[in-house]
Every structure is written in structure tokens, then in C-alpha cells.
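Each of the next two complexes has subunit A plus one other chain: subunit B in the first, subunit C in the second.
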Partner chain A sequence: MFEVRFHGRGGQGAVMAAQTLAEAAVNEGNYAVAFPFFGAERRGAPVLAFTRIDEKKIYSKTQVYAPDCVVVLDDSLLDTIDVVSGLKPNGTVIINSKEKPDDIDLGVSVRTASVNATSIALEILKAPITNTAILGAFAKATGIIRIESLEASIKQKFGEKLGEKVGERNAFAARTAYEKTIIGTSRSVKKLEAKKQWLPKYQDYPIGAALIEGKTEAGLIGPGSFIENKVSGWATYRPLRDKEKCTMCLLCWFYCPEGTIIRISDRGDLMTNYDYCKGCGVCANECPVDAIKMVRARA
Partner chain B sequence: MITIKELSDDNLFTAGHTACPGCGVAMSIRNAIRVLGKDTAVYVPASCAVVFGTTFPYGAWKVPFFHTAFENTGACLTGMQAAFEKKGKKVTVVGFAGDGGTYDIGLQSMSGAAERNEDIIYICLDNEAYMNTGIQRSGGTPFGAWTTTTPVGSNIQGNQRFKKNLGDIVVAHEIPYYATLSIGHPLDFIRKVEKAKNMKGFRFLHMFTPCIPGWKMDPAKTVEVTKRAVESGMWTLYEVENGEKKVTYKPGKMKSVKDYLNMQGRFRHMSDEDINKLQMWVCRKWNLHYHEKGAPDICEVAPPVEHHAITEEHREMHGP
Partner chain C sequence: MKKVITGDHAVAIGAKLCRVDVVPAYPITPQTLIIEHIADFVNDGELDTKFLTMESEHSVMSAAAAASAAGARVFTATSSQGLAFMHEMLYATAPLRLPVVMANASRTLGGPPGIWCEYNDSMGARDSGWLQLYVEDNQEALDMIIQSFRIAEDKRVLLPVMPCLDGFVLTHTVEPVEIPTQEEVDSFLGPYEPDIILDPARPAMIGTFMPAEYIMELRRQTVAAFDSAKDVIREVNSEFSKKFGRDYGGLVDTYRMDDAKVALITMGTVTSTSREVVDDLRQKGEKVGIIKLRFFRPFPSEDLRKLVSNLDALGVFDRSISYHGGGPVYNEVRSALFGMKMPVINHFAGLGGRDVTEDQIFKMFELTSRAAKGEKVKEVNWHNTRGETV
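Moving on to the complex of A and B:
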């Protein structure tokens, strides 16, 4: 049995990728299952999806804990999630990254393939939806599936849902990625540490179970503690403000849903804290004097 | 009246929350709490706002925050207000419920609190479906919209019911203040929140909050889409103060509802016939709100498609 785990962000199509791969495998005469890890429906939040492929019937219904292959649709996930967790020693990691495999630090030395799927998706699909491109890289790196059958099932699945033209463009994205994929071995420099968690005992709670502002080993807790949660990894684009053009109308500051744009009244100026920017682009869209431009966040 | 410049630099809803990029709910919450200030206690029922604003043990709120079940926003706010009153504290008690938690599930509780005229602010964040659980239809979903429970089939395409008129239901409780707000109209937004804050009794603020994944649209267009909703008549900005209704923003010439629908993937499938049906509904609403004495009839429905004059070429192709 060949087990695959997809790491992506909501909106990149990890679930569709898992399903498309399973369908392609079935069309080749295999058995396959695909399913997502269910959570709140939020675009940009880390998501998981799984595919199992076998020549025999598949009875296993659990999540994939020891994958043969890990597919990472967004390399910003590498900073927050241990993607190689449980990976078999002879397994493969496929990463959407502009780096070469030999420059990617996974903490372990494993067979790694990389392709700049975001650029391919932006160029061909005009949107940072990287699922089909990364499937092309999957076909190249693992050889489990032929690129032709993958193209066929992409055309069918995406064509059915979004129209024939979209299906064809997605298949072309997969083919382009297939040709551009580089295979190598990852570096093992960084140390993988389990993220510390705050696990309180019942005595630690005040009466009424109210959570008050506090500091623990795992960081801040309680009111306002989200300030430690850096969400910049979600962004494909980020805003650049031209101070010369800016008239300080404060509309961007008012509209920003994240608190990325910070106003400093004493100095009469605005500051941008990219740690919290998810790159929605509302500020650039609403700026009345076009002083804000969106640029690629990790180019 | 507060202007944008006079709002406080700090925010009581901190950065680092996990809402989708371009979230209309996050925008509305941040700006509402800017105006309401720190002497506020917040209740949020089950909704996106509770998922992205508080994930145990973390939270984005810097004001007292409470959450229990889905259907009891009105009852919880009543209890919180009673407790603060008993303790002799002057606190603005605010509830942020979604459209599901107001139009459908929380309606009885809201109605009870409104009828007793409790001294609370009830804010409905209307994103026109149950977005948190994966885009299911609610009473607030407009005609024609795709959701997972109103799918697009060959016979029936999208939601077949028109948006419930919640405004009139709430106003029928004869409460001191009801207002509709849009994040695309900042001064109107700030003025209404401030006005509600300084009043007594049951105040209801109805906010129009676009949802990026649920409406299937570009995250950069959150504000633009609310502006178009108002310009086309899909959303009306008005307030009812002690029974006196006043339209607070009157758009110019009515724009076609198509301008608004084209921005969103959830309406992509709509046929011309359905769009016309929705346009007629919008027109009735528009006339109801803006048709005052002596006001010109600004509502214009697209004229029926006329047959083209028969040309020589046409005759050759189709005969006389």
C-alpha cells in the first residue's frame, strides 16, 4: 500500500489534489481512497488530506500516520509544522518551493523533490492554487502514477466542476510542473522540537473557569494572547506603501481586518507589521490615491 | 461624532487571529470594538467569530469574553447585564451573533430580549449563510445563491427563497434603536455604533459582512462588494429610532443587480430569468426604502429584450 499525506492551506486545493490522485489511480486499475482531515472552514489555515493507493482492496480507515510520501503545497508550513512526522525512511517529500531540494532543511535527510508550483499556478491559472501543479511533481518524483493518467483525471474532475477550459489549463499546469521538478536530498540541520503546550490541571483554573491573562511555558494565554500567533505564512502577496503618495486618509488602517497596519498618532504615521499580514489586498484595492501596491511575499 | 482620525490607535481585538484573508466579519468586529471602547463585555455564540477569535487557551479579545451555546445570545446578554447591574458596574454588554444565530437559531432568544427591552447591544454579523460549518443556507441567504444545501442542479439552481426581512421583525418589537451597517461606509458605520453605545434599551446593529470562501470571491474586494450591494439596493443603510425610520445613505441612480452578482462565484450559475426575478425583488425593496413623497422614481428595471429589426440577411437565413 502506498500512503500519501498532503499538507496545504485552506483554499489551495489539497483535498481536490488527494481526490484527483485517487481517481487517477483507480483509472489505472488500482484501488484508492482519499479523504480530508475535517476542521473549521477557513481559507489560509493549515489543512491535511490523505490518499491511499493499493492493488488490493483497502480496509484501513484511519488517517495516514506513516506516509510513503508527503506532499507540501506551501513551504511556509515548514516553519510551523513537522511535515516529515512519521515518514518512512525510504519515503519521499514533495515541496512547493523556489529552492532546490538540496537547499531545503527538513531536519532529516530524505529524498526530496521541489518545484515552484506557486509561480506555475500564477502564470497558468492566474491564481495561487497549487494543487494540480504539485500533482505533476508527484508523478515525476514517485512514479506511482503516469502523468498521462493524471492529466486525464484532472481534465475530467476539474472540467466537470469548473468547465472544460479550466480543466485543460490545470492539466497543463501539472505537465509544466512535471517537467520542471528537481529531485535531490534534503538537508538535516535544524532540530525538530515538539511545540510546547500548556496543559493545565484543574487547580490552575480560577473559580468559574474564566481564563485570565497569563504567561506560561508555551507562551501567552488568555485575553489578547493571539498577538503571539504569527500568520504571515498565509500570504502570497503583501502590501507596499508609497509614503510620497500617501495622504494619511487612514482608510487602509480602518479596513485592515488583521491589524497589520498600525497607526502611530504621535508621529502621525502608519507602520506595517508583516507578521500579521495574510495578503488579502483590501488596502491596495481601497486606497483612493493608489499608494499601495501588492508584491509577492516570498519571491 | 467620531471620525476615523479620532479612533483609538490600539485595538481591543488583537492581531494574530485566524480569520480568512479579507474577512468582513473581522473587519466589522475590529471597528465596532474600536468605537465601543474598553468598558465592554462581549458574548459570541457559535460562529466563525468564536473560532477565529478564541481558540483555547488563546484569545484575541482584550475585553471580558463569554461563549456558550448557539441559540441563546439574547438570554446570555440579559444575564450578563443583570449581573453587572447587581454589581453596580457600568458596562456595555454586546453580543456578536452570526446570521444563522439570529435569523434562525437564536431568533426566539433575541425576540425575548428585545420584547423585555433589555439594556444591551445585539450585533448581527450577516454573511448570508452558515459559513463556519461549511456554507449551509440560512434565513439570510439571498435568492439564487449557491450553498452546499442549495446546490446548483439541472432543475433547481441555488436558493429559491428570498432573504428574510429581519429588519422589520426586529423593529416590530418597538425597540429604541435598529440600524443596518456596511463596512464600506466608514463614517456611517462609526456614527451608528457610537449612537447605539450612547443609548439605553435594546439596540440592534445589523452588519453586512462579506465572506470570502462562502461568496467565492477575491479577498481584495470585501469592501468593494459591500459598496456595490448598497449601490444596487441589495443592502440598504437605514436606522429606526423609536419607530422613526430614516434612510442614512441614499445611493445615486440605481445600479443593476448584475454588477453586484458578477463579483461573486456563488451567483455564477444564475440564468437571466432568475436575475430578473431577483432584480424585481430588489426594485420593490428599493421603492419601499427610497420612494418618499415627491422623490423621483429611481428604480429602473432593464426593459424587456426587443426583437431586432428584420434585416435582409436575416430573411436570407430564416425565410420571410
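Moving on to the complex of A and C:
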């Protein structure tokens, strides 16, 4: 059995990637399953998806804990998530990154493949949806699936849902990534620290899970604890405001769903707290004088 | 034809193949894909059905019962808080003998709010008069929609049926599913032909006020329908198996039970994972097996008594709690096995959607096997629960 874990962000299509891979594997005569794991769905939030491939029927209905391959659709996830967790010693990591594999620090030295899937997606699909491109890299790096099978499944699956043209463009994105994928070995400089999580025993649980402001070894809990939950890494784009054009109408301040636009009343000015800006672009969309432009957060 | 699809998609295709007349719908995760797929079928002209977007689940079940009383074949789907919200109308549907089929995507019933798999939503409806079944994969999800209509509409039954599929673990998982052809399903499931319907041309009364002189007999009559349902479920299973080549065993299914000394009663997708665990343990020479509880209502007491008669100990998996101690399945099983001497050990796992891993299932077998050898083992065990030891 070959087990794959996808790390992505809501909206990048990790789930669709896992499903498309399963479909391609079944079309090659194998058995395959694919399933997602996410919190309350939000665009930009980290999501997991899994694919299992085997020659015979797969009965296991649990998550994948010891993957043969980890696929990372967004290298900003490397800062906050230990993507190599549980990876088999001879496993492979596939990363959407502009870096070469040998320059990517995963904290362990493992077989690694990289491709700049975001650039490929923006160029071919005109959107930072990297799932099909990264599948091309998967085919190249693992040899578990033929690129032709993937192209066929992508055309079929995306075509069925979004039209023939979109299907073809996505298949082309996969093929382009397949050709551009570089295989190497990751660096092992950074120290991997298991992310601390507050996990009390039931006896220590606050009654009814009612929480007041508190501090634990794993960080803040209760009201206000989300201050530690910086989401700047979610953003593909971020807003830039042209102060000359801005009329201080405050529509952006009013519409920002995250409350990241702050009024500086004594100067009659605005500032954006990029730590909590997910780059949704609502401010730019609402601005009546086009004073806000969305620019790539990470080139 | 084989397709790689989600459990929700499989359920929707099942409903389409049953040529449902009316689908009152209201969205709720993780069921929403079901009604979205059905809406697509209707929109694309693949399904001739009255698709009603309702303002709440309570209205969904009201519309479902009313449409069924008017002679329509009715399908809908819900989950968790949605099932709770229609609770009142569930109780109206069964004693009026309206054979509605409603898929439930098993999801924890808040609070605290959550979206993952737990059976405390459907277990709360166990006394509403609905037949209730739990599936372990997407193929069974599709097949059981078809079987559910046959069972529900059988003149000896005429009761609503609630097939439950594990939220996310099946609803959002893709796997290969064999899709029967329309002709095959048509020859297995004919049109719904009730004797009495609400029709102005032939006036009838259904669900009117009933004083105490009448209700007791109505309750007794519904119990009789439950008794008949057991035979009908077995018949439908064997007919389905002959036609489609997939045998699910009827009320219960078994895996490697022939010479088993220790068994685990499982439900839903945990059954599937347990098959791998049993294969491993069998390779080590342990005589273990699985009893897959498919129907929780009607409860297969007679089948269970027969199946466990040669066991040294029995484990019971529960994915929801009845707050006084054991789980609903455990309490039901112990009641069914009353007078039999073997230890019966309760295993809680997967509440709130926590992943039920093979390790946990190994532990369930280990504890049950220890009880079989006469060791003292706790009756109720909480697996992978912080603050508990197993």
C-alpha cells in the first residue's frame, strides 16, 4: 500500500488533488481511496487530505500516520507545520517552492522534489490553485502514477465540473510541473519542535469547557488567545493602499472580515495589521476610488 | 459501471436510481453534498423529482411525511442538529406508516458544536419508530438506499428507514463504487403503490387526533411491523445479493466468526478498519472475529444470541454515550444476551470524530481477550481518552 498525505490551505485544492490521484490510480487498475481532514472550512486555513493506493481493496478507514509521500501545496506551511511527521525513512516530500530541493530545510534529510507550482498555476490557470501542478510533480518524483493517467483524470474530473477548457488547462499545468520538477535531498539544519497543544485530562477539563483568559505551557487559551494565531502565511495577496487616492471613506475598515484595518484617529489615517490579514481582497473590491491594490504576498 | 465517488455522491445516485418523486431538502454538513448532487440531477434533467428547498429541517420532515401520505416516494438527508430539529416530525412519520427514506450523515450533536462523526445524533432517534442501519463503505451506502426503499415500502413493514453513513469518513471519502444500471434497479424496485393516500378523489384521513382508546393498539401494531421487518430485511438482502452479487448478511454481518472465541461488535466504518485488525490477529493464531451490527432498529437480538453462543467473551464498540454509563449499543446487547454467562465489555472510541485507529481496535480485542481468560477487566472502557487508562 502506498500512502500519501497532502498539506495545503483551503482553496488550493488539496482535497481535489487527493481525489484526482485516487481516480487516476483506479483507472490504472489499482484500488484507491482519498479523503480530507479539515476544521470548519475556511479559505486559507491549513487542510490535510490523504490518498491510499493498493493493488487490492483497502479496508482501513483511519487517517494516514506513516505516509510514503508527503505533498506540500504551499511552502509557507513549512514554518508552522512539521510536514515530515511520521514520514517513512525512505519516503519522499514534494513541495511547491521556488527553492531547489537541496536548499529546502525540512529539519531532516529526505528525498525531496520541488517545483514552483504557484507560478505555473498563475501563468496557466490565472489563479493560485496549485493542486494540478503539484500532481505533475508527484508523478515525476514517485513514479507511482503515469503522467498520462493523471492528465486523463484531471481532464475528466475538472472538465466534468468546470468545463472542458479548464480541464485541459489543468492537465497542461500538471504536465508543465512534471517537466520542471527537480529531485534532490532536503537540508536538515532547523530543529524540529513538536507543536505544543493544550490537551488537558478530563479531570482537569474546565467544567463545560468554559474558558477564561489563561496561559498554559502550550500558549494562551480562552478569550483573546487567537492573538497568537497569526494568519499572514495564508495570504497569496496582500492589500496595498495608495494614500494619495484614499478619501478616508472607511468602507474598507467597515468591510474587512478580520478587523485588520485599524483607524489611527489622531492622524486621520489607516493601517493594516498584516499578521491577521488573510489577503481576501474584500477591501480592494469595496474601495470606491480604487485606492487599494492586491499584490503578491510572497513572490 | 465503476466510479470513484464520495459516500454522499453514492447516496444521491442511489436515490436517483430509486426514481424518488419528492425530495424536500435543507443543507447541513456533512450531508449537503447529497442534496446538492440531487439538485444537479434535477437541474440536468436526469431525475424527474419535485425538489423542495425548505426553510428548516422541521419543515423538511413535515413535507416528507405529507408527500409520502399523498403517495409519493420520498427521499431526504440530514445530519446532527438537523436530525434533532426534525425530532418531533420523526415521531409523526413512523406510526402513520409512511415509508420515507432519509440518509443521516452521522455527526456529533452539539454542544459543543462539531462536525465530525459520532452516533449521538441518530441514537437520540432510536425510539422514534424509524428503522435504522449503519454502513461501512460507499458501496454499501448506495446499495442500502435501494434496499431501504424495498424494505420501507413492503406492505408487511411500511415504516420509514434511516440509513446512517459516517460523517466525513464516508461522506467526503472517494472510493470505487459499482453503479447499478437503471434497468437493474427498476427490476428490483417497482413503483410505490400504497393502498390509502391523501387524494381528494377518494377522501381519506391520515394522522388525525386519537384519544386513549386507540393509541395503545397503534403502538402495538407498529411493534408488529418491526417484527415483520426482520424477515423482510433478510429477504431483501438475499434477493439483492442474487441480483447484484453483493451479500450484506441481513440484520448483521460477520467476519471470520466460524471458530471465533472472542468477537467485537462493530458499526459503521470501524467495521472496515477492524477487518484489517482481525486479519493480523488471526495470523498470530488468535481466534477472533467481528459481528457487524448493521441494523440497530429493529435490533437483531435473536441473531446475536446465536452468533455469540460459542464465544468466551464479547466486546461492544460504541460511538456515542448514554450518560448513565454504557453506550446505547452495549446496553442493547447486554439486554439481548440476558442470562448468557460470558463477559461483555464496552469500548468507547471515536466520540466527536476522533480517529478510531487500528491501535485502539487491537486494544479492544486485547481487553476482551483478557476478560475471556477470566482476568478482571473494566466493563466500560474509554479508548484514547485523556485521563482514562485502558
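The rule is short, and it goes like this: the second predicted complex is superposed on the first by the 285 of 299 C-alpha atoms of A that agree within 3 Å, B and C clash if a C-alpha of one lies under 4 Å from a C-alpha of the other, contacts with A are read in each partner's own complex, and residues count from 1 in each chain.
What we mean here is this: a residue touches a chain if its C-beta (ideal position, glycine included) is under 8 Å from a C-beta of that chain, and two chains touch if they have at least 3 such contacts.
Remember, it's a predicted structure, so these values are computed and weren't measured experimentally.
In the superposition on chain A, A:Y202 makes contact with subunit C only, not with subunit B. When both complexes are overlaid on chain A, the residue A:E286 reaches subunit B alone and has no touch with subunit C. In the superposition on chain A, A:G11 makes contact with subunit B only, while subunit C stays out of contact range. After overlaying the two complexes on the shared chain, residue contacts for A:I221 are found with subunit B alone; subunit C is out of touch.
For subunit A, the partner touching the most residues, choosing from subunit B and subunit C, is B.
Judged by the touch definition given at the top, the superposed model places A:Y59 against subunit C, while subunit B stays out of reach.
Of the two partner chains, subunit B is the only one touched by A:G259; subunit C is not. Contacts of A:G44 after superposition: subunit B is touched, whereas subunit C is not reached.
Overlap of the subunit B and subunit C contact sets on subunit A: residues 40, 200.
Interface residues of subunit C facing subunit A in the complex, by the touch rule stated above, are 2, 4, 112, 115, 136, 166, 168-170, 172-176, 269-270, 272-273, 275-276, 355-358, 385-388. Against subunit C, in their complex, subunit A makes its touches with residues 15, 19, 22-23, 26, 31-37, 40, 58-63, 65, 199-204, 209.
Listing the residues of subunit A that touch subunit B in their complex gives 10-11, 40-45, 198, 200, 211, 220-231, 234-235, 249-251, 253-260, 262-265, 273, 275-276, 278-282, 284-286, 294. If you check the complex, the residues on subunit B that touch subunit A are 4-5, 7, 9, 11, 13-24, 26-27, 30-31, 48, 51-53, 56-63, 65, 131-135, 183, 186, 212-213, 218-224.
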